[in-house]
Amino acid sequence: MAALPAYRAVITGIGCTSPFGVGGSALVASVLQANTTAIRPLTGFATDGLSSCLGAEIPAACLPVTEEGRRWSRLSQMTVLACRQAVVEAGLAGSDMLRHTGLVVGSEYGDLRSTEAFSLGFLRKGPLGLSPLLFPSTVMNTMAGTTSIALGLKGPMLTLNQPGVAGELAIMRALMLLHAGRAPVVIACGVDELFPLLYETLVQLQVPSPRERGDEACRPFDQRHNGPVLGEGATAVVLESPAHARARGAPILAEVRSLYWGGIPTPPGRYPALRHVPPQLLSQALREAGVCPEDIGLAYLAACGDPQHDALELACTATAFGSPGPWLTSVTHLTGDYGSLGAFRVAAATVTIGTGRAPVLDYLCQPMRADVRFVVQPVAPPPPVVLVHGLARGGMHTALLVERPRDPDNGVE
Amino acid sequence: MTQDEVVTNLKRLLSERVRVPVARAQALELDTPLLKDGLGLDSLDCVELTLGMEDEFGVVFDDSEEDWMHHFSCLGTLSQLVLLAKGELA
Amino acid sequence: MSQRYARHDDRRVVVTGLGVVSPYGRGCAAYWHGLSQGHCILQPLTLFPTEGFRSAIGGQVSASITRTLGKAHRSRATRFLLAAAEEAVSHAGLGAAELAAAAVSIGGAGGGMLEAEAWYWARYYQQQDKRLLVALPAMTPASQTAALACQLHLGGPRESPILACSSSAAAIATMADLIETGVVEVGLAGGVDTLTRLCFMGFNALKLLDTQPCRPFARDRRGMSLGEGAAVLVLESWRHAAARGAPIHACVAGCGISSDAFHPTAPPTDAEGAVRAMREALARAQLTPADVAYVNAHGTGTVQNDGAEAVALEAVFGAGKVLVSATKSLIGHTMGAAGALEAVATILALEAELLPPTANLHEPDPTVLFDCIPHRARPCSLHCAMSNSFGFGGQNVSLIMLHPDAVG
């Protein structure tokens, strides 16, 4: 798959709708700086009788009802806010360029809240209880559709459904759209939300911590790990070619390219067994990309806190980089886990490239492995290359490289 | 049923079904434009409102007529539609 | 404004395998037989209760066909998809090594929603059955893609595009991009959707369903009919296909993807997004409108969609300059599977030199200035055809297929 990393794009804008508020790269930087978790007992809905009660939820104040958004679902509103913020940061607000801009939205569950509400209308009142207005929101492209209307985006628009690495996947497909010349600018956004039915059902399926083992907490890579703690958010990044960004004087925050995009054949809903993960997969991808493992100063891992998943990720990175390898970090202890969190990981990696700051895994007391090194204090100076790694239930496996912007006279496009 | 009663219910439906802010709905006059030159309702809103009216008033509308959207011009025309469907108009 | 992508000839994308599950039955042969006979298979739905709803007909895959489609514990969508993929891969003659490196992109709107609904309905009536919980991991469309990847040991890039009615057309277009840019040599692209209560109720609530079998492009058309099915295409670089002597059904010459950014359910009356998608497909294929002899239309049968599509076709091709027909008149609107099913119909039409008809077209709309091939299939020797999908939310995808003889 040597052709995959050949195309580089630059990130020129970031936008987030998160438990920490709505903002751009400054918000992400402040999240990394503070290293304070948004995980706490849920208040947006009742968790009585459930074995889990923690989550990282977006406060209602961040999502006010507006006349413009009268028909938007909560998830669509999260997406619009994040994409709009990214567009502002990229200097594209009000620009004619938006008419040619593409949009790729990645999500694990989409707008199931609207699907449930629509179904309940029928169950309570029969056909007359149905809401035609709600029905379009039951198809997962609703967030992209709403955002394209709100921002006037007329380029190619895709929604990609994917557990675990929906955010990374949105970015990878956005890179492909740019590479194929389908749009000069593409916004990639990952979005998922917490809502009662989903939370309750996942708890019934024994997905989140504590899974009847220990206390409820988010502790990826710690021996006490016992499942993820769920979160929600929308993160958007604006992507374009380096030449296009320079030509319009856009702020260039980082370069990004796909390193690896593949799947390990695995039954849906399960993680692959370690023996099925080709051991040289990441090393080979690095070689094909012309990247020395030593160049990668830091890696953001998906780090969901599921013991099997944690073990797999560490095995992948330890095999690829040897000991001690890059500094390993993640955002999950701050944001909670959700399927499209990878977009936030890329945004965080972009900030790390610029500032050197990375999340500190301050909860880590009993690391699973001693042969890798975790970020337990702030990292400095900024690493030139950051890896963003993802591995999903069902076997999707991704790796992205986020790098310092290159000298235009030296770069290849 | 009087026109006033119908209008009261229509204003409530505008808020409940089509999510028009309550204060805005309550402030509507009989002749305030509801469609794109006024409140801004579009075809999707009107489909939602039609179903809401059928449920609320116990009537069935035939929305296949060519000038169907005209009925949604303002609360005046909409309330007339409801009264006609309920047989309250000659 | 998309740039013309400089493409080397040996990276042209060809189709080397086709697989289908349709209301006509299992397999491409049954599908083509139904289409070429102009057999409208829209009938009363029996998959779930329909009392109280205005429209209750559609293109349903019968129980006798479904019974032959693999393991009963799997979701209906997964069973349809695996059967279609199995046929496609078998026809393409792909081996284990090729599959291990192959990409896969399966579009769909509903996923395993039919089974998830059963769970939710039972839960609402407090008849909770923990066995039904297993439906939930299969609920989202990505789980069908994962099931297919697991079944066929596919190790390449994986995607599940959801663009409402344009989902599987987008899967084909984006897979073609992966092959043209050299990321993979082989990919499976397609789509699946089953009838679901959600879809049935929703389109009824929107009053977009005809109570009779739909009548695309007819003067008295009154809406859509629902359908279900799956289609998978094996796409390959021409170089790879030629090297292994694979059968070549068609060339995916160019694809256009655009957005209306207009309205959640309705197209703009000038159909400018659809026009852009078609023009982008032509530009990427390095063809002119005069090269296209036939368009397999989106053609849902709604007053608005068909009207907008006719405007778009006129803008691109000129009135009467291309033959048009609507597969949805025969099998219904198969939602996320429509793009792939209709791409297969287009390819089969190219191969057979026979254009499937538009059914139920007793009185064509005089404002639709095209011959929409009423009732009977039309013999036609052609090299190039277009297949369009214009989905909810303003998602437009246009695919151009070339007859293999036209691939020099």
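Note that the chains are named A, B and C in the order they appear, and that numbering of residues resets to 1 at the start of each chain.
What we mean here is this: contacts are C-beta pairs under 8 Å (C-beta built on N, C-alpha and C of every residue); 3 or more make two chains touch, one makes a residue touch a chain.
Note that the coordinates shown come from a computational prediction; the quantities given were computed from them, not determined experimentally.
A.B. asks: Would you kindly count the fewest steps from chain B to chain C, each step being a jump to a chain that touches the current one?
C.D. replies: The fewest steps needed to get from chain B to chain C is 1.
A.B. asks: Which chain has its C-alpha centroid farthest away from the centroid of chain B?
C.D. replies: The most remote chain is A.
A.B. asks: Roughly how far is chain B from chain C, going centre to centre by Cα mean, in whole Å?
C.D. replies: That gives a centre separation of 38 Å.
A.B. asks: Rounded to the nearest whole Å, what is the centre-to-centre distance of chain A and chain B, using the mean of the C-alpha atoms as each centre?
C.D. replies: Comparing mean C-alpha positions, chain B is 43 Å from chain A.
A.B. asks: Report the inter-chain centroid distance for chain A and chain C in whole angstrom, where each centroid is the mean of the CA atoms.
C.D. replies: Distance between chain centres: 30 Å.
A.B. asks: Could you say which residues in chain C touch two or more other chains, in rising order?
C.D. replies: Residues 205-207, 263-265.
A.B. asks: What positions in chain B touch 2 or more of the other chains?
C.D. replies: 44, 47, 51
A.B. asks: Indicate the residues of chain A shared as contacts by at least two other chains.
C.D. replies: 71, 130-132, 136
A.B. asks: Would you pull the chain A residues touching chain B in the complex into a rising list?
C.D. replies: Residues in contact with chain B: 65, 67, 70-71, 125, 128-133, 136.
A.B. asks: Mind listing the chain B positions that touch chain A in their complex?
C.D. replies: Touch residues, chain B against chain A: 17-21, 44-45, 47-48, 51, 54-55.
A.B. asks: For a test of understanding, state which residues of chain B touch chain C in their complex under the given definition.
C.D. replies: 42-44, 47, 50-51, 63-64
A.B. asks: Inside the complex, what are the residues of chain A that reach chain C?
C.D. replies: Counting only chain A, the residues touching chain C are 1, 3-4, 7, 71, 99-100, 103, 108-110, 115-116, 118-120, 122-123, 126-127, 130-132, 135-136, 138-142, 144-146, 148-149, 151-163, 169, 172-173, 176-177, 179-184, 201, 204-205, 261-269, 394-396.
A.B. asks: Provide the residue numbers of chain C that touch chain A in the complex, in ascending order.
C.D. replies: Residue positions touching the partner: 1-5, 52-53, 104, 109, 111, 113, 117, 120-121, 124, 133, 136-138, 140-143, 146-147, 149-164, 170, 174, 177-178, 180-184, 197-198, 201-207, 257-265, 273, 276, 280, 391-395.
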